[in-house]
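By letter and in written order, the chains are A, B, C and D; residue numbering begins at 1 in each of them.
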């Protein structure tokens, strides 16, 4: 059996994955199994505690991985993780991380939930209750690597961005920072694959309900909007409220954001130029030639984001496309990218694989 | 074998389908096989001439249908069709119909191609050549049934609307006529299943190329835009240029248009009210309760269009969803609906079937 | 709103559907909405009691249907149904039907569950408990229409066959009755779409778990085997034990059974001949030309079964393909077909629609 | 741009891929881009000569790869490839390889076509013409790595096995060698994803034709049968003729073979034991616990084959499932595995990635 467990001899960082029975958890395992500097030492999954990872995700049958265990009663100090990836549901996350960091001062956390992404007041507004770890909420660094790389490097707690928001932010933040587009009526029409909705057994996520169709959901009140407003406003230097409409469609992986913007001052070609130069030396964002639009299938399984810019037929407007794999750059891949930055490794370590197409 | 061929004894209209080897052709057959007042007397398909319909579409194996024949040398007067559905590619269509109408004065035509949808100058602009039958182009009635029903009833030549444009028009024309939305920056983000791209063997339409992904195409220069501009401008009483971005996704049937509009004078609830009253007595357009968005899967195989309206989080803006089956209400179903109107039949005859879900 | 409710004036049979919130229930509604001699008077769904059918299946939004109600406390005599379709889960079914038939002597039942398909001893063996209504179990007529038509006509309680078993039986029963194949080692490899697994929210049925893959399940111990053994043994006049392996694959509808048989006495062409003559006058089974294999997509949404026979390269063996839509001929369509026989109507009434392809 | 081009400094083998515009070609690129000891020096594609790989496969846009060129006029000696992967269509392949090997004595070839898999007489029988390079046909080593590893290590020309045949052989060859199953009536029911049919634009491979259905094809006369007969007969030590029926289904990648066997002498548990011990130390074949069946989705994108064995309900029979990714272990992955063996590298080099699920 193949094993990548860390040991005294090697220099592998000691990794724990909290919530390994979901899709972001298994994706972390997939990526870390091929990471030369990281070893999986701990896997938790309360509902599946005591089972093997192979029982929950048969694709890992050939690999030698730690058994799944319950979070309760883990001695965080004794385990001595270097990095803990937290892929737990919203809510429980904040108390688990608060406890973990209190007991294991040398462990650093990359949290994939929404718990530490928002500023306190915004969190209270959108989630309807006070945060359980406000001081950590203030300490947490928002982990959109391309934008906050330096802060991530020093962070003890990184709030990994959402999949929808990563996709839209990578396309728009450079333009907002350059003051190149109007901030009044930005429209983001997003199409997502089903893994973005998680692995919980719900009627509306059954194959027969999802196949052969598409629909919008959460129109006007999707929590990802808070994250977009917050980061867009920071980038623009003034309040931005974005129109964001997510759609669910029959594919496993991928998010395509088709973004409609107006620019009083810049041509579509100039917007394209801003993105080209901004991402010239970023390994995981590729700006396509002007007029070419991205396809989600061309980033599947990779940590890449493809961005395209085209001229709208309405004068003064442009159409921007952004595509990524929601489980990789939209979640677990960016989490590993952040880990690499935190550990001072080459940012692309373990993330080199090209997209799986077809 | 089941047969619906017309005969002296009955009162069935004598129907011909030109271009029966494509998807809109086979869909016409599917619908007409269950139409009590129409009999299929002629099927043409040049590439497959001499073959049975069962050889081209095995689902019709149990049915007794005319053999496919070549258009050349058909004696239109002798055949004496009541209604000819023309599902031929753009270009050839105009000469075929010109010839047919010249020889068979009692035959009326429903054309599913784009040849007769545009005004002469617009056609020349978008197709880059002069029309071969300009007088018929002027005579043709645009067949969006819900809007042009009376003209369709008297028409000799009906230009059946495109699938994308039917979907967007049914949602917006009532609002434009009521002067309820701003006409400046209407954004239509459309998602289509693959049958909309036809049955021609092209690499980009292979299952392996299409599955597990989504992408925009024809950004900024899709010919459907001409049709939208023309009809929207008519409805608004002033020139309207719309932003329209089509996407191809892995499903067989269905178009969902997510439409972003601004209204200085009407609330989203008022827009919903305009649509509700406009469609109160229209059998094939159903307006969902305010805030509920349509799903393409819920109209699959039926002639229904589902429309929903929701409040955008940006003040003064609304989001409108419109869903139909591109092969039914977006093509062959609306063609049969127009035939019913032309023949003075109940508009729903042969089109009553509920959607096939799942 | 379109309505097909029965009323004094018309001659429509009064129909009830017990368990209308599942896929076979909604499929019954879809088919009956277009049935000229049947009116839907009652819809039950305990979990969704009080809701509209549109809330559970939005495709029915345009139709005027009875509200969903709970079974408890229905006065079966007062309701006075002519036909009750029972689409309830195994187990509860037998007690519900026992009560219904006791109180409403004029109501006849078509049961889509497995409760009344097996002989008493076989039922006890496969389900591990005694039947709650053994006398009805003895009275029930097995509703494979093509085989038991006459008994169905007179039946008060029809046990509608399973989807897998209908698919395999229609291909093999004529051959077994004709003693044309060896009964020793019949291998049935079946591939099913996901609606066959029902609408219950289970992790293994999520889109992300099912898409882009195929797998066998219930190998060696699937309950459908009991039904196959029973009917095959009856047809052969001696005990037959069949090798049956079901697979789940990413499609909504359809079952393809690829059947491997040996024949010491008949050539593959002779087997084809037996099927051709057996089904010459059966409206819902179409035998393809020798060597042509059926595709599930060509029967989707229709009540047809397509059967093909080909020569195996191993001498003395043949390969038989059988395809149907599990929700139509495999469940609700055959149930309506049985209703037509029970009511003395033309067997094809309301079931004429051609397959929806693509 | 990321580049893996070989250079003087490093020890990378110099690789050429002939026919890089198809799926097996692009899959070779995907795998080799992450191979530490191989550098892509040459890519050919006659129809797309002069274009970049990014134009043909946009997923490679971020990578620095050689331009596609035409095979004609390549100076094989000057190019000096260490390994040439040949992914050209049947027929042309044999002349191209004959020419290449004649001019470049130090180049070794892994051919992914069917040209060198069969013995001369069998080739002539199944392909209906004499082979153009009979001496190479005799020299070629059949590249089922797990079986012919030693011969592959020394080979100049390796005939990479077909996808269907690799899947069935890995399950059956150990059993045939151990004389553990009857050879008389082995039935292989195979289900394949669409990439197995290649990238040629054919109507029957369009998304709309393939989605939502399954069908058998090439029943009784599929060329893969010749390869199976040849290798099964070798393994059994006597002539074996297998019943093989391939099916096409709506998924991109994956083959599942459900295999029905009889054994007069071994129990299903014993068959499982034979496979377990045979593959105990093979890195790319994983035998599941007895009774557990493989799913194609759990090997997607990886070089793994999962095999399961279960008891059939008919005494003396067993059901064996074998699943692999047709583009990886079924083609390009096994080709790289063979290259590793030929170059004396660890067999798993560059092939370590776990399956991409979901």
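The rule we apply is simple: contacts are C-beta pairs under 8 Å (C-beta built on N, C-alpha and C of every residue); 3 or more make two chains touch, one makes a residue touch a chain.
Given the structure is predicted, the values throughout are model-derived calculations rather than measurements.
Colleague: If you take the mean of the Cα atoms for each chain, which one ends up farthest from chain A?
Modeller: C
Colleague: When I count C-beta pairs in contact, which pair ends up with more: A-B or B-C?
Modeller: Answer by contact count: A-B.
Colleague: Calculate how many whole Å lie between the centre of chain B and the centre of chain D, each centre taken as the average of the chain's C-alpha atoms.
Modeller: Each chain's C-alpha centroid was found; their separation is 45 Å.
Colleague: Approximately how many whole Å separate the CA-defined centres of chain B and chain C?
Modeller: 35
Colleague: Find the geometric centre of each of chain A and chain B from their Cα atoms only, then give the gap between the two centres in Å, rounded to an integer.
Modeller: 41
Colleague: Going by the touch rule set out above, which residues of chain C reach two or more other chains?
Modeller: Residue numbers touching two or more other chains: 23, 193-195, 208-209, 211-212, 250-253, 295, 297-298, 300, 358.
Colleague: In their shared complex, at which residues does chain C touch chain A?
Modeller: 23, 193-195, 199, 201-203, 205-212, 250-252
Colleague: Spell out the part of chain A that touches chain D in their complex, as residue ranges.
Modeller: On the chain A side, the touching residues are 2, 23, 26, 29-30, 33-34, 57-63, 194-195, 211-212, 252-253, 283, 286, 288, 295, 297-302, 304, 306, 352-358.
Colleague: What residues of chain C sit close enough to touch chain D in their complex?
Modeller: 185, 187, 189, 191, 193, 208-209, 211-217, 219-221, 225, 241-245, 247, 249-254, 256, 258, 260, 262, 291, 293-298, 300, 310-314, 317, 319, 321, 323, 358
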